[in-house]
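What follows is a set of structures for review.
Heads up, the next two complexes both have subunit A, just with different partners, subunit B and then subunit C.
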Partner chain A sequence: MKIIIDNIECEAQKDETLLQIARRNDIHIPTLCHNDALPGLGSCRLCVVEIVDKGRRSVVASCIYPVRNEIEVYTCSDKIKNIRRNLLMLLRGRVPNDETIKKLCKEYLVPDRIKFSGDKDEHCILCGLCVKACQELGASAISTVNRGITKKVTTPYDEPSAQCIGCGSCAYVCPTDAIKIEEKDGIRNIWNKEFQLLRCTRCGKPFATKEQLEYNREKLGEAHVKLLCESCKKAIIAEKLKDIYEKV
Partner chain B sequence: MRTLFEKYPKEKRYTLSILQDLQKQYGYIPKDKLIELSQYMGIPLSRLYSMATFYKALSLKPKGKYIIKVCDGTACHIRSSKTILDEIENTLGIKPGETTDDGKFSLETVNCLGSCAIAPVMVINNKYYGKLTSSMVREILKEYGGADDE
Partner chain C sequence: MMSRTVYVCCGTGCLANNSMDVYKQLKKLAQKYEADVEVKTIVKATGCNGLCEKGPLVKIQPDNICYSKVKPDDAEEIVKRTLMNGEIIDRLLIYDTALKRRVISHKDTDFYKCQMKIALRNIGEIDPANIDEYMERGGYKALRKALFQMTPQDVISEIERSGLRGRGGGGFPTGVKWRQCSKFQNFPKYVICNGDEGDPGAFMDRSIMEGDPNTVIEGMTICAYSINSNRGFIYIRDEYSLALNNMNNALNQARERGLLGKNILNSGFDFDIEIVRGGGAFVCGESTALMQSIEGNVGEPRAKYIRSVEKGLWGQPTVLNNVETWANIPEIIMKGSDWFCSIGTENSKGTKVFSLVGKVKNTGLVEIPMGTTLRELVYKIGGGIIGDKKFKAVQTGGPSGGCIAEDLLDLPVDFDSLKEAGSMMGSGGIIVMDERTCMIDVARYYLSFLSEESCGKCVACREGIKRMLEILTDICDGKGIEEDLELLESLCHTVEEASLCGLGKTAPNPVLTTLKHFRNEYYAHIIEKRCPAGVCPELTAYEIDKKLCKSCGLCAKNCPASAILGKRGEAYSINTQLCIKCGNCIDSCRFNAVKVKKEVGK
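Moving on, here comes the complex of A and B:
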């Protein structure tokens, strides 16, 4: 199937999302609540695009819109720019000092006049990506709490969570770096809980928490999780490949 | 207390009913019960906490013996429900969402009680009081043993 994005013809599989197709073809669509490993949230709406399906125009969120027909897509029409501008204005109201949002505001020429302004230390835009990350990669330790203007992401009772394994997935996926994660002297502090960091047996760099390793052992059945950081794991694989090639 | 849960199959869709039952039984949702429920249902505590904080009918803090609901819907608002709230705050020293230290009264605002004709309205443990004035509020609270220290 072929679809047309911004006048460029793109090959598409049925049920692929518009965002996927656009990205594969180097067409830029801004996103906040999307992560390739955690698709399907569709909460921030920044990725909206206009589509024309059999002559009918509509606005859809590209990160969750599955392609079914040979449609035309406009990722940057005036209408779309306007919608993004309004969204960003609201987001800036919530997180007035956030760099990610500030940068986007500049890019979309959001007017400077400020109608309302939230807590200057707030960075969370409540997109929910961290909660999803914790559900899928961590231990479901965090969730959204309350509703309306007091809604926030936190651990139950704002207390250090018994479930949290300190993996940091939540902080890693956050589009606005709203989750504080501190590392000092081999201790990681996240969500008010301290974790001893284990050192990589190859390079000595502290890289994961004990709880994280135990969790992987138990839940994922990785019997011998080696104490290796990501870059050393890659280096070892590279070495192995080199060996194989040299032998060949 | 196990029995309270066990009435229900271990299925996600019963979670809210169980939370409502807990609320009814204790007047709030005690922390240890929430943890127990999470274990019984195999639902993460964070999910349950999220639900318990989302619904206005559920409370994580103990509620007072008498729950005062002051309507702040459009009709009552126009007929100055604010004065009613101020009067209660002055007499009992609590704001909406709070409970008196002696555990006697909780104050809440609600968005409509369906009794706009007698606005402004408040309800104390399912008893309705309409066409309220500040002095009436003071009298009514006295009946419940509030502000007898004046």
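Moving on, here comes the complex of A and C:
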């Protein structure tokens, strides 16, 4: 079917999300909580757009809105810009010193001085991507706890988690770099838990935790898990390819 | 031999006032004296009668006598005089404030006269622990009719034609929901009863589950038959221990009678229901969060772009209705959609149960036909404002509802009219407010409730409510500026539009409706720096009108800060230095001599 986004006709499949379709057609919609590998959160609300479906206008979150009818979409109407400005103002109130949010605030003309203040060291916008990443990877070591204004992301009872394998996926997907990983002398500290880092057998750089390797072995089998860091893995593959092509 | 039946109300309100002791005492004494007289007495504990204000209530049939505020010590007199000799004990009769006299039967009071009971038809009339009593009053006949005389399509059409709309607040047509769900050929399907009533001051669903659990079971089974589902869940909040107990008991009895389980009444149809206890989060009353909670996840809502009738519990087609909706189903099947359609307004059929609370004389549980005006509800059924103070507003629809001002008192109550007025039906909480209520304080109260009860998943709701609450708190503390109102309104619209679920989308209602109907009060707080209702401590000062003061000293007696001084024979006065602005003096003065000062002097 065809839908119209900002007066551009776009091809769409049933149940594709609006965001997918827009991105395929180079139409920019800002997001914070969206990650192509971990879709479906819909918590940051920044991706809201206006749709007209059979004459009815409504505001929807494009990252989770499944297309089922031939609708018209407006991604940056005045109303939408206003909503995004207010949402970003609210986010800046929560994380006043976060660069990602500051940049977006500039883009959406949030005034420099706002009424709301927050913890100057806070960077978490509670989007939930980290929790989802941890869940999907199977460790489920962190979760949101409490609700409403007291909600936060943490390990059970704020104590070092037995489940955490120190893989750092949570920090990797975080849109505001709110999760801190400290590495010093071959020790990684994340979520108040210390992990011994293993060294890459090729370059000798500490790169992954013992728990992470064990977890991968269990999941993928011994043969698929080698003690190699990302860049060495790439280098080895590149060498192999080089060999193949030279022989050809 | 003559027989009398005594019905002791054992709903939550009456239980709190020791009705269980009254019940036990009556039962004991009735047995003790039974041998002496020719009167057979049956004593029953029933569900809530509605007039909680006057509880514990004791009804005696066939004499049609209703006693109010009965104490265990009254039992002996009731047994000896009324049960044995048919005498009426005048001092225990209900005093009707409108008629200004005591009435024998509760049905003679305005509180009951204006009501029409469909969902509450059995409550107060039967012992909820005994399925036979439900069946004696026609219970499970509707299920038999549906199973043996109607096809699933007939059942759905009947409910569709009745025009029944969801009583949980949304007002979605029930029949349409069932029809949509029946079309998906994706099994298993589920039927859910939402008994997670969380609105402050609301107890409609609780009373139904406590007082007539079988009607919910029957309604759900009829639906299950019509959409071809074999498994149902009743989600009850854990605080409702009596409801949990009575519902569990009813489920067991229904299974014993073959009304639930495999091959119901030999029809070949299987259906069973489990109880799920809620953990006490308000947001779990939202249908999708409730389903998450049943699945064992954190109770966070999901976007409803794909409806639950298609993908609900565990991703399967699901019909979820509220307790009161289920309670209406058996009656509609038995009496027909034409009968149901004859009650109510054009687009809102039937009746609605409300819990009427706040500053009215008769608080309690009421069921009225749709289209009854707010004025009737407040002044006839509610008996008017306590202390005959001035009416200010009614708040409908729970925390996400809105406040309606005096000029809309003649509004007929139905789904659409309330929505038009900026409020909503909600699950049916009605809170009446008098002139001593500060509307900004009210909006602040609801937002502080919601700020804690929002699931916190989406930015709009979590951060938006928090900041709106900050602005309102500033206004109440006298730190508000005019620009705040503009920001407040702008935030309201963002939260309304951008929130993920119904909780967030309706959360700004208390602010928007007070801004609409009571804007002057906001200005008074912001510009004149005074709270006209005399509630916000920073913006309030009281004074005693010397001409009206009768020097009775009641205000001084009730002042917890000893801030009121005076001598007999002279007018009293308030020491503003000591005054903590609690308002006890205003509320206790019988001569309206204590006033909220026009100038606070700041």
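Assume the second predicted complex is superposed on the first by the 235 of 248 C-alpha atoms of A that agree within 3 Å, B and C clash if a C-alpha of one lies under 4 Å from a C-alpha of the other, contacts with A are read in each partner's own complex, and residues count from 1 in each chain.
Convention: contacts are C-beta pairs under 8 Å (C-beta built on N, C-alpha and C of every residue); 3 or more make two chains touch, one makes a residue touch a chain.
Since this is a predicted model, take the numbers as computed values, not measurements.
Q: Does subunit B (first) or subunit C (second) touch A:247, or do both, or does neither?
A: In the superposed model, A:247 contacts neither subunit B nor subunit C.
Q: Quick one: subunit B or subunit C, who's touching more of subunit A?
A: Touched residues of subunit A are more numerous for C.
Q: So in the superposed three-chain picture, is A:2 touching just subunit B, just subunit C, both, or none of them (first/second/both/neither)?
A: neither
Q: Quick one: classify A:56 as touching subunit B (first), subunit C (second), both or neither.
A: neither
Q: If you stack the two complexes on chain A, which partner ends up touching A:146: first (subunit B), second (subunit C), both, or neither?
A: A:146 sits against subunit B and subunit C alike.
Q: Would you sort A:120 into first (subunit B), second (subunit C), both or neither based on which partner it touches?
A: In the superposed model, A:120 contacts neither subunit B nor subunit C.
Q: Using the touch definition from the top, say if A:163 reaches subunit B (first), subunit C (second), both or neither.
A: A:163 contacts subunit B only, not subunit C.
Q: For A:155 in the superposed arrangement: first (subunit B), second (subunit C), both or neither?
A: Once the two structures are laid over each other on A, A:155 reaches subunit B alone.
Q: Where on subunit A do the contacts from subunit B and from subunit C line up?
A: 143-144, 146-147
Q: Quick check on the complex: what are the subunit C residues that touch subunit A?
A: Listed in rising order, the residues are 281, 283, 298, 302-303, 305-306, 450-460, 462-467, 470-471, 484, 487, 490-491, 493-494, 497-500.
Q: Tell me, which parts of subunit A touch subunit B in their complex?
A: For this pair, the touching residues of subunit A are 134-135, 139-147, 155-157, 161-163.
Q: Quick one: which bits of subunit A touch subunit C in the complex? Just the residue numbers, please.
A: Going by the criterion above, the answer is residues 42-46, 48, 59-61, 64-66, 79, 82-83, 86-87, 90-91, 93-94, 115-116, 125-126, 128, 143-144, 146-151.
Q: Can you name the residues of subunit B that touch subunit A in the complex?
A: Subunit B residues touching subunit A: 31, 34, 44-50, 53-54.
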